[in-house]
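Listed below are the structures to be examined.
Both complexes shown next keep subunit A, but they swap its partner, so subunit B is in the first and subunit C is in the second.
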Partner chain A sequence: MLRATSTSDARPLSPASAWAAEVAAVFVKDWRCEFRTRYALNTLALFAFTTLVVVSISLGPIGIDRARGSKVLPVLLWVILLFSVAAGLPRAFVQEEESQTATALRLSATPSALFCGKLLYCLTLVGALELLVTPVFVTLMSLKVESPGLLAVTLAAGGYGLAVGSTLVAAIIAQARTKGTLFSVLAFPILLPLLLLAVELTFSAVGGGGGSGGVALPQLLLYDASITVAGLMLFPVVWNP
Partner chain B sequence: MPSTTLRFKNLRRRFGRLSVLEGVSGSVAPWEALLVTGPNGSGKSTLLRCLAGLLSPDKGTIEYREGDEVLDTAGRRLRLGYVAPDLALYSELTVAENLLFFARLRRTGPERGFEVLDRLGLPTDRMAGALSSGMRQRLRWAWALLHRPRLLLLDEPFQNLDAAGEQGTRELLREHLEGGGLAVVANPSHLEIDHVAGHLDLGR
Partner chain C sequence: MKTLFAWLLWLWISLVIVGAFYYAPQAEGFQDGSDRILFFHVPMAWASFAGFIAAAVWSVRYLMTRDLRHDRSAHVAIQLGLLFGVLATISGAIWARIEWGAYWNWDPRQTSILISLLFYGAYLALRGAVEDPEKRARLAASYAILGLVVTPFLYWIMPRLTFSLHPEPVVNAEGKPKMQSEILQVLLASGVGFTALFFWLHSVHTRIQALAERKSAEME
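Let's look at the complex of A and B:
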């Protein structure tokens, strides 16, 4: 019985704990709604599956041209991830506006906690997407990974940047009428540096760049830190009137 | 209870060239309700959204004070209770899950919300998306009173309610005002409610 979870007898939480509880509440709510509708999961999985099949038939072992594979395949991997994310992640905020629950959220949630809760939800979605897509992509394309550690770090840092950038853009476009167009226009300049760095690092990880990634890894981590700070600073402005 | 007041002065709000609010002023004090009436499109909901901090007025001032503390828009937004026809809760969650979620965001317990639901006769285990319009209005009331706000902004508060629902929510409003709370109530036509201290007619 849900009522048994009443918190009236509990000691008052410190501001930091209360903030963290808000973040957790948004995260749990989003996943609970997602498991009951499966909108984002289905969209991401369907898009990823379709593009994986198309790419593997065109360029993979069952295709014909693998001569330029090590150059092209990292690009294709990140194109698949980007477009899958673009198909599903904007719903995080658009859904709140379309179902008119945004008003209740604006009147209840601390903006920074709401942003972090949504970000956590998007991060787990991107993580699940990468876990689904990458092994299948590597297998289907017979891609030899020289540096699995670098690939894992690239996927983690690149996925994080994708999630933060998409969450922020989703919040910006949520109140607009032409959401789809606006997402592409705004996401392009925000995510382009991330994609260039992620592709370069993935290319290094599959043996094309010596395996270390050079300065691209610190640059990617710097990008992640910058976009996180920008998101936390901009979100209250774009979320509230 | 420390004194709580809401004052707004010369509010103006336009949507493009359409002027919805022009020079609207008013105030409300504890134990009082301000009734706002006017035909459809006269700006009642826009006024309440401005007071709630959901819209920024183009011109004018809004001052909300709780005791010695003057709250800014962000602070006011998190303190007040709001009931409006365009406010929705999560249809994918049950009534109880909705209240628990918002109680966590409000940093309070859900008891007051459940107490209101009990009084209004709304089952807590039903999915919010499966509620009738009258039941949804009851849930909005429970959500609005969850954190025991001092200021209630009520836009067509008895809309879609049956006789029992209207009586229950009228009692909740009366108790809120008799407990030292204040309320701004907007309705297209005049409403007979207790403790009305002022009437703002936005009719053109």
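Let's look at the complex of A and C:
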């Protein structure tokens, strides 16, 4: 039962605390389900690892020279992250429809709490993916990062945008027929501006950018803010029949 | 009244075509004759963008009223937006081949219009994947509004992020169009004409779709 109650049962929780407890309950429930099947974790990790290996083998034992690498490798990093996200994140809502638990979830959690709970779950998955992929990618490709701080901020802001956009699109496609392919079709036009901004910032972080990093970061943060507000406003419409 | 509007529209567009070839002078900095494409390319891009905005407005109206007529209008606006967007992309590519030597070179504006075409395609794919009309309308409206949130990044922010060979738009950063007045007159007249053409086609297509839906409901 996701509806939050106080531990003593005598004192009801304030609306804000009840909402936060609902968010936490959705988040914990999702991770509990995830640890039972490990579907998203395995998919994300294996997909990312496979693409990393393919990219590394394709570039050969010598790799790529630094001048070209700083132009090409940031793109490859974000392509790996984007496709890994597309492989694992739609599961957040698709599993609710497939296991026929969506109706129970509609009854037991408010839409905003459900959206934030699912978003937190997706955020932790994307964060784990970035923590796994980025160091291996940097090591395997011998990528020299001039500004690790900027790279970390880019990964955080880019990962957040990926998680928000994916959460909302996953809620949409969960109610459609062709779920798997439809996620990529719907998510990519929404996520491409984020991807282009993140790639631009990663160029700057590895020292290959054209100096637009300072402009791109506020724009990326603006994108994150816009998509979060849109997600919070649209999710109740998407979720409730 | 509708017939009169259609005839006036035909006359207006005909005058724009004549004006584009015989009234407007050769634009400075363009290869001989290539600037004529822009009298049609730019208004088609405007009309495509108008489709985007109109679809989002009708989607908001659908979510507020749950009237399926607004959903039908949003759907038709996206279909026409896609048509005008494809025509703008093709005409732009032909112009780019003449001026820049290549049909496609990932100029920020080419990237922006391509992403918006992907968005239109995705909207139509979503509609095709949901059978229930109410659910389809609800999900499609949400997606159209989500697209509108991303639009400013496509049309205004990204093209200014990197270097672009694309000529400055009429509505530029300085707020002053940098072109001869005759060229501006024809371009604005063409913009009005193509926007009116968009909404005339929208009205015809919406009525056709309403009739088709009524007929299929009668057959069921």
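Observations, loosely collected:
We adopt the following convention: the second predicted complex is superposed on the first by the 221 of 241 C-alpha atoms of A that agree within 3 Å, B and C clash if a C-alpha of one lies under 4 Å from a C-alpha of the other, contacts with A are read in each partner's own complex, and residues count from 1 in each chain.
To be clear about the criterion, a contact is a pair of C-beta atoms (placed from the backbone, for glycine too) under 8 Å apart; a residue touches a chain by one contact, two chains touch by 3 or more.
These numbers were taken from a predicted model, which means no experiment stands behind them.
When the two structures are aligned on the shared chain, A:101 is found in touch with subunit B, with no touch to subunit C.
In the superposition on chain A, no contact is made by A:46 with either subunit B or subunit C. When the two complexes are overlaid on their common chain A, residue A:175 makes contact with subunit C while staying clear of subunit B. In the superposition on chain A, A:18 contacts subunit B only, with no contact to subunit C. In the overlay built on the shared chain, the residue A:241 is in contact with subunit B and with subunit C.
In the overlay built on the shared chain, the residue A:196 is in contact with subunit C alone; subunit B does not reach it.
Applying the stated contact rule after C-alpha superposition, one finds that A:131 touches neither subunit B nor subunit C. By the touch criterion stated above, A:223 is placed in contact with subunit C alone, subunit B being left untouched. Subunit A residues 241 lie at the interface with subunit B in one structure and with subunit C in the other. By the touch criterion stated above, subunit C contacts subunit A in their complex at residues 63, 111, 115-116, 118-119, 121-122, 125-126, 129-131, 134-135, 138-139, 141-143, 145-147, 149-150, 152-154, 157-158, 161-163. On the subunit B side of its complex with subunit A, the touching residues are 52-56, 73-74, 77-78, 80, 82, 84, 86-94, 96-97, 100-107, 109-111, 114, 124, 143. Residues 2-3, 5-8, 13, 18, 21-22, 24-26, 29, 32-33, 36-37, 99-101, 103-110, 113, 236, 240-241 of subunit A are the ones touching subunit B in the complex. Put simply, subunit A touches subunit C in their complex at residues 168, 172-173, 175-178, 182, 185-186, 188-190, 192-193, 196-197, 200, 210, 212, 215-216, 219, 222-223, 226-227, 229-230, 234, 237-238, 241.
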